[in-house]
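First chain written, first letter: the chains are A, B, C and D, and each begins at residue 1.
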């Protein structure tokens, strides 16, 4: 199994790591039991992604896809952002090993959840459709609500 | 830094061929290249080299007779052959088999196949200490138990099973006993007579021998149905033109291991202790995967749980700095489940994903360990800082 | 004579590793020794070498995709896996299988095992010319024929089967087709697309590659149940840590064979004709084991029947003079029956005992052939003079 | 499979090869279909083996065992000669590979048949007991009687 140079570049030098403190939208997906979890925070202005940051616990591919998706989404309209496919993410990274294709879902799902979070908070209809959000049972030390991204 | 440092800490995965092994093999590639089954001089020379290697290998594991050694293509083939070959001859219509839950896949997969073929298989769990306990096996044994297969040293967590006691208890109920010795051969005492096993598997490339050669010990009289069929080589137990250089190299490699086994195991155990203790001291939320005492651990394997990081990411970061380690993370293998070994000793999956196996060997120095101890903490801290859940999951618990 | 002459005429049994193959392998023993399944740099280097070798090997046999190549531990393992693995997946409950009567034991023995497991097996005879004829196979094919396995070049008598036609006819009845290419790979054109086979087996040490490595071609989509189970290497088709140096060497060896295949096969065929004709001319009661025309013979194998002598005795006498050949005599194998190959083409046992296989290769010279032609007649004459029955059996017949 | 030096010596330099023209006893055993056939001719005086010669078609072990048995039997009484066992023959040759042990039977059988042939010809009781003599069907060119050793 080999990662492309671009995957390794994004893994070694991930772009846009961190948390936007007063984020407009927050998405957290994945599950530590499965080994990876990702959180995306968005700053949104006029239905455009003005700023985007991520945090990821996961393998090389999980970190690289998180990083690249923040680069791809920055400046995009919300509609375009939720339309980013896992295939596009993988292509943007010059491919992913077959066993790692699922990681690119994590990144696009995180983005979708964050966008919908923003929309729902503002009383609007979600546009991204169903995605698997973070498993609420993963954190033994937290209150139930702590990691419900809708309320974080 | 001109040449980047390159430190190999994955001796449990594979080893470089030792120069002396290479020297022993060399004549058999281009000069004494004969087929060991041919009658002319070149064939007889190969035959002699082969049988000499068999004799030395047999001696090295305490076998009574060289014919108890069958050379194979790899450790996996030996494990497969032991499970499938013994059951097929001893009890072709089915029966009960016991394997431990943390066997290598080379044992677990044939066990699954046996289930498909109508055998009943008990997957015996280790206790939290990472050891298969005799009492637990005794409970699992039945009158129709044909074969028990429990590995000697576990390749991930490095625990050593009480094979002598396990084999004796299995025999008491009329079951045969196989052990996977791929990890322990040459590293700690492995004597088939002392252990009392009926069968044992070994792999060349784990002990500075070549890849592509394995061995299967079958005590005289052990029922066995050959699994690779053809020209009847290896006393009909394993067909195929013998890999003479590989076999000669394997025997040489074993002899070299035995030459300084006692000192080397002390040296490595000290390095392991130093490394383990320092990592735990320097990094919060870090522990050994089992707390069993050092007497029950292989000298060369340190198995660490670095909580709140994912193993593959850690591995790749260490690799950037020239350090080769291994992890039981699911993501490193492309499967969804993390290491079945760690799960079997009760390690929760979210912790198992952050496991780190540091395995040492002949060319490991204290300087290597020091370098590792220098570079690991910043890597772990950086990855933890990138995690959306580290503080939530572990932030308060260990301070 | 200072150094005794040493002439190798048993290239069909095994070959020396070519220096260039050795050079290609060397880096992977002691430097790039990584496990190809490890994620760090050393593992990735091994992985790259492995996949590069797979690609080159695939290209060398005309495979569409590298993933169609599975590397194994030897030719025997490949043959076993083809027969058992394909039937187990395609038709696990049984069915009809066709193999030729003169297959290598690596195919015949798994065929016997299939019979034990409830399959019906037809053992298809060659005609007296030493060839499996399409018409004969067509008669044997049935609606429930799962798999046909017919070798490309026969290792004893050197005849070449019409694989393209055989495979097409098998496919017409819905059967899959496997061919054992251990003897022909690299020596005469072998292109899986051109031949149209679903599976094919190869062995490294037959083409100046190392012992202990084989390959199995499985056309994409060919049903296959892995036969060696474990860590899931080789895309789950063959578990066990890959023998990287061996595999790299095998791929290199194939490339070298292809480089001068056309010239080399002409050169060897000429030597074969010279040797065969001269032996028959100089020694009474001597003939080729088949009279098929040279176009249907492998260039490198001369198969002679020297009546009234026993093969092993002849072999040992030749060996005294430094010449290594092989024989289908029962006494050379410790069995009671002489070569099943010779019997299958209608050769009576008392004649088959005196068969001589002279197989030539890269380092064979015309001077070697001349020396052989010089020393063989007196050996045969002496042995015949020691026989109590030579005159009675052959004395009058051929004069 | 390896032959001892002594086997190779007897194979390369077989002793007592040939046929005694006016033999007192003749034994022919084995079968060309099986790959080996041996003929022993004896000169007997006062129930002692005065001279012995052999001819053998067969493998290295067949020739070596034939050769050694002629050496062992020369000068022996008939009673002692027929008592030579295949084990003794093998031992005398410093052992035989397991797959070749059957060849030593050929040699002792040939000797037995030759001794009994002598005794029967002289109207005496055979002393060697049952052995498998040469298969009468092996020779396509000979009359039936040709190879019946009792009458040769």
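Annotations for the structure displayed:
Simple rule for what comes next: contacts are C-beta pairs under 8 Å (C-beta built on N, C-alpha and C of every residue); 3 or more make two chains touch, one makes a residue touch a chain.
As the structure is a computational prediction, the values presented were derived from the model and not from experiment.
The interface with the greater number of C-beta contacts, when A-C is set against C-D, is C-D. Centroids built from CA atoms put chain C at 56 Å from chain A. Between the CA-based centres of chain A and chain B the separation comes to 39 Å, rounded to the whole angstrom. One inter-chain figure worth recording: chain B and chain C are separated by 35 Å, centre to centre, where each centre is the mean of the chain's CA atoms.
The residues of chain C that reach two or more other chains are 39, 312, 316, 332, listed in rising order. Within chain D, contacts with two or more other chains are made by residues 1. Arrangement of the chains shown, judged by which pairs touch: an irregular graph that fits none of the line, ring, star or complete shapes.
Interchain contacts (touch definition given at top) occur between A-B, A-C, B-C, B-D, C-D. Contacts from chain C toward chain B in the complex involve residues 6, 8, 10, 13-17, 19, 22, 29-31, 33-35, 37-43, 72-77, 79-80, 104-106, 109-110, 112-113, 203, 205, 210-214, 228-232, 239-246, 312, 315-316, 318-319, 322-326, 332. Residues of chain B that touch chain A in their complex: 308-313, 316, 320, 329-334, 336, 338, 348-350, 353, 383, 386-390, 392-397. Contacts from chain D toward chain C in the complex involve residues 1, 8, 11-12, 14, 17, 19, 28, 32-39, 55-63, 97-100, 138-142, 146-147.
Residue ranges of chain A in contact with chain C, taken from their complex: 1-2. Interface of chain C with chain A (complex): residues 39, 44, 47-48.
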